[in-house]
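Just below sit the structures, each encoded as structure tokens.
In the two complexes below, subunit A is the common chain; its partner is subunit B in one and subunit C in the other.
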Partner chain A sequence: MTTDQQARPDGRGLRQSMSDLHTWVGLLLGWVLYAMFLTGTVSYFKDELSQWMRPELPAQSGVPDQAVVAQRVADELVALVPGSPQWSLRLPDARNNSVYAFWRTAGAAPGQRGFGEGNFDPATGQTVSSRATLGGDFFYRFHFQFHYMPVVWGRWIAGVAAMFMLVAIVSGVITHKKIFVDFFTFRWGKGQRSWLDAHNALSVFGLPFHAMITYTGLVTLMALYMPWGQQAGIKTAADRQQLNAELSAFIQPGKPSGEKAPLASIEDMVRHAQERWGRDGVGRVTATHPGDAAARVAVARGDGGRVSMSPQYLEFEGTTGKLLAVHEGVGPAAETRGVLYALHLGRFSDLVTRWLYFLVSLAGTAMVGTGLVMWTVKRRQKLPDPARPHVGFHVVERLNIASIAGLSVAMAAFLWANRLLPETLAERANWEIHSFFIVWALTLLHGVLRPAKKAWVEQLWLAAALLALLPMLNAATTQRPFWRSLADGDWVFVGMDLMCWALAALHAVLALRTLRHQPKTRPARKTVNKPAGGAVLREG
Partner chain B sequence: MIHLSSFILCLTGFAALAFAMDRPQHDLFGRPLPAPATLALRVGGAVSLLGALGLLVSWQGWGLGLVMFSGHTSLGAGVVHGALIIRQRRAARSN
Partner chain C sequence: MTSVAGRVRRFGPLVSRIAAALFGGYALAALASVAVLALPMSTPQAVLTGEMASFLVYAAAVLWVFAVRSALRAWAGLLVVAAPLLLAAWSVW
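Presenting the complex of A and B:
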């Protein structure tokens, strides 16, 4: 946003236009972007979150032999979904202690869900005996397709929001004329100026990340947003098959022969892949028409250590285990997409890089948050009567409360629901999600009913309390309290508890700063500013 | 270990670049540093950042190396900025 307060005698310059564009593009979908940013940020730890949300599954001390596990779960699936035209397993790895399986159901009636999914225990091959939950995948899916609406609508909304974000980034860079001169500038206690400095710092330090993540986010769904090239170029079934092979190791079922024949050893096929990519290097096993003479099996490489999501897989004849093809490279266009896709998801990361992703993405969340709050800070000073702001101001202010402080409350409530909802509850996994949205709606109601400053403070305190007490709730409701996790070296649970406390502290600091802050209604430069009055959170 | 070394190089690099700027010099030393010192800081900072890049790229190749470098520079710059703000606050309080 512009800092240029001087009137331009020669009309509106480019920078001023960009500033206006930045302000309004940022505001219009800012709340959606904030939610996308925050849920996306926590999704860098979605596998760890899933482990925490299934506390019945023991902590994984090492990655089990993927070949053995693949055979075990494949046997289970043959029994569980006989006649399925296709199933696919994500094998356990350093971050996943369960096997996620997805399958198509044979002969699903129109309007019926034609697929199923489940998590399996690597040790037994059986469906995991843990509470029903979507785990960290809820935040991950919400991040790009939201909820309570058709998936395609959600993805379109996410796409429009990402496009707005891209415009906001480019216009923001043009508006912020002194990127290098003001690189380390922060003017404390200067009201709007301080907010701008904070917004700038959060934006500029993570600029490569913010630009990359927004652009690559659009790339992940580009075939949905811009399908025309593909429609024009890919016309035959053979073309489509070739395209699919360039994009995904998720091989598609062809025609079954109708002749029954059991699958050959999946274990041997995975062994073959392990020789090529290392013991823990296999990601996924997909079978088409298992049990039919036309069965095919694809064993795909995992995502670890390579900045590309382009598929690498071995294709086997299902009934004999004969290696049919080795797919280890794709064309330059597909590889470009593969690299951009991988950059967005960051699944190649080691632990340190994952934390870097998380922290910079959190800065991006704060960038959107400070931008939203700044809209009100900037305008509050100019309100004719601050006690009775105009409707637009009122709406933005209240939406800010619910979408920033309220989202923290709702996300914490989701984790509370995971620990509190009875395991026998019907539709339990869905009720965890309903809890999230019910609480989020309540924060909006609270934000509308309470005076703005009180609403901010109360919700920030509530978020801090929910987060701070979550490890205690975990200790009371599971066999894995903090001290035991620490003694057992269960770093996923230890990390989760520590993270909750750290985030609780962050929310408490924000609550205190907001509480102490005295909003000014005069322009900042005309008032004397005490240090406490220069609180980071000038909202209220 | 390479992560740590790269991060420290980014941190020192950005610290040097910050000390080479007018406002931090004014805040820290109360006066601008002599031109040769500023230049040395600027060059040293840039070399330090390039060192981190070289370290990461030689370790993980260009793909992963650049991604990691981007993360370390963002975090390094953020930490330097945070430290400058804390320093500034302390100075303001003691006055």
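Presenting the complex of A and C:
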């Protein structure tokens, strides 16, 4: 410390600079980051959430034969979208009981949406007859592109927020002098110090994860954020194709021959891939110009069983089923990117790893949340008149309520909307999403109108109640109540009900603690106390 | 008038640092991502390496900007690093 201070005549050490940086970088986009962290955290169970949100689809007892399913859905797509220049289907696996497919529409006029998508039943090949919902994909998409705005804007906001987070993490570590010792320090019921200790423990415990998830998040969209190298180095279509092959198993449609020819057996092609990657190891089948003599089919490996998202796929001639090429390796940088990407998504993980991901990510969410709350706790003590805080304090306090407690309420409301909105409602899937945002806006209104503490307690109780009652709502509105799921060994539904109760308990505990909390309103710390007080602040 | 001048003197360096961090940092990161193309490796690998490294360069630049003693030093540091990167980037653009 002393050397720092000697080097700086104004008496501001490196640690103090980093502390200020940490505080303001963390605050400025903290609310955005909190929402990204929480919706991203639940996205580790997005496939399970999607299953829960489509209760009409029966629980999957085992993974069906992917080769048979691929043929079935491919036949359906050939009939459904004839002349499509490209379609791609994601095969069912241990976590997905439906086949998600998307396709380009033939001859879409400029300005028209050139894509279609749908979910198909693996058992029949038909479009699934479940309620219209985006399912867990809503939280997943929201966590990196938000909503009600062009996708690119949302992704840029997420990128800026992630960059702020990266800076906040590194400056936080520099700020934090006794990072190891303080991990074992917890001062309960000591106001600001308890918040600081909680923030430190949550941060340090998951530090490698938080740093990894933030950095890898940027890597997932790096071509958008840093396009300059590509613009400088990739000049021709061939260059572009070469780069693309390093990143993605989606083969791009070339020129059709114009000569009609049916696709060869997709089942045989997938069988071929199964021999290579195992029975459930196939991820995706993509066809370009199906029905044309120039058709190509790519059968890509799934995300499970390997910690990399780099493309591995077999390329077949569409009309004969002849294996044209095996793509199983990419360059070192592309492989690094594949691993970083996979680490972010965590799709390789088994059940235990997935839960670990979820819990540490939840700790990351709490890290952002405690940091936001600490900003107000620290400043409330120094307010000249705690009953009449200045505008900045007021804004932060109210935004904290809506973005932390309010988000829980809104997310629970989204699930309630899934069970309550009539199936015949036009734009039903969108109305689930509108419900989420309407409720979230109401929590902000409530947070502004009510006294701060009451608003916190009421919203936490509301979230607890919505979560606790969700299994009851599920029992009342579907054929899959808790007891039946348990009897049938339907672990997705059992897990969802248990999770709701666990999260309800968590919110109830937070509500009770907030209710009992007595803020210490002491006057601003005297400058005489500076050495001791300063040390704490510096670490905050 | 004097209060405006006082304000500029007080907040000017901070605003300058924030600009250095946000825009200077991004420019440096972008420059680094292009400069990587000068390395002896295939173009797709270099492009990806540059993209992945750029965020670390950006983060380091921001920390530098707020760690040094003055706004002037912050900008100077960025420029010193930018010069060789600019040369390398120039050679491949």
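Just so it is clear, the second predicted complex is superposed on the first by the 512 of 540 C-alpha atoms of A that agree within 3 Å, B and C clash if a C-alpha of one lies under 4 Å from a C-alpha of the other, contacts with A are read in each partner's own complex, and residues count from 1 in each chain.
Simple rule for what comes next: contacts are C-beta pairs under 8 Å (C-beta built on N, C-alpha and C of every residue); 3 or more make two chains touch, one makes a residue touch a chain.
Only a predicted model underlies this, so the values are computations on that prediction, with no experimental measurement involved.
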Next item on the list: Look at where subunit B and subunit C land on subunit A after superposing the complexes, then choose clash or fit.
Entry: fit
Next item on the list: On the superposed three-chain arrangement, identify whether subunit B or subunit C touches more subunit A residues.
Entry: C
Margin query: One more residue to check, A:L343. First (subunit B), second (subunit C), both or neither?
Written below: first
Notebook entry, point to check: For A:D239, is the partner it touches subunit B (first), subunit C (second), both, or none of the two (neither)?
Noted result: second
Margin query: Under the stated touch criterion, which partner chain does A:V360 make contact with: subunit B (first), subunit C (second), both, or neither?
Written below: first
Margin query: In the overlaid three-chain picture, which partner chain does A:F205 touch, first (subunit B) or second (subunit C), both, or neither?
Written below: first
Note to self: In the overlaid three-chain picture, which partner chain does A:V307 touch, first (subunit B) or second (subunit C), both, or neither?
What the structure shows: first
Check: Looking at the overlay, what does A:V170 touch: subunit B (first), subunit C (second), both, or neither?
Finding: second
Notebook entry, point to check: With the two structures laid over each other on chain A, which partner does A:V352 touch: subunit B (first), subunit C (second), both, or neither?
Noted result: first
Margin query: Considering the aligned complexes, could you tell me the closest Cα pair distance between subunit B and subunit C in angstrom?
Written below: 19
Checklist line | Residue ranges of subunit B in contact with subunit A within the complex | finding: 3, 17-18, 21, 23-24, 63-64, 67-68, 70-75, 77-78, 80-81, 84-85, 88-89, 92-93
Margin query: Give the list of subunit A residues in touch with subunit B in this complex.
Written below: 181, 183-186, 188, 201, 205-206, 208-209, 212, 305-308, 339, 343, 346, 348-349, 352-353, 356-357, 359-360, 363, 531
Checklist line | Complex contacts: residues of subunit C adjacent to subunit A | finding: 29-30, 33-34, 36-37, 41-52, 54-56, 58-59, 62-63, 66-67, 69, 89, 92-93
Note to self: Considering only the defined contacts, which subunit A positions touch subunit C in the complex?
What the structure shows: 7-8, 14, 17-18, 20-21, 163, 166-167, 170-171, 174, 215, 218-219, 222-223, 225-226, 228-230, 232-234, 239, 242-243, 246, 331-334, 336-337, 340
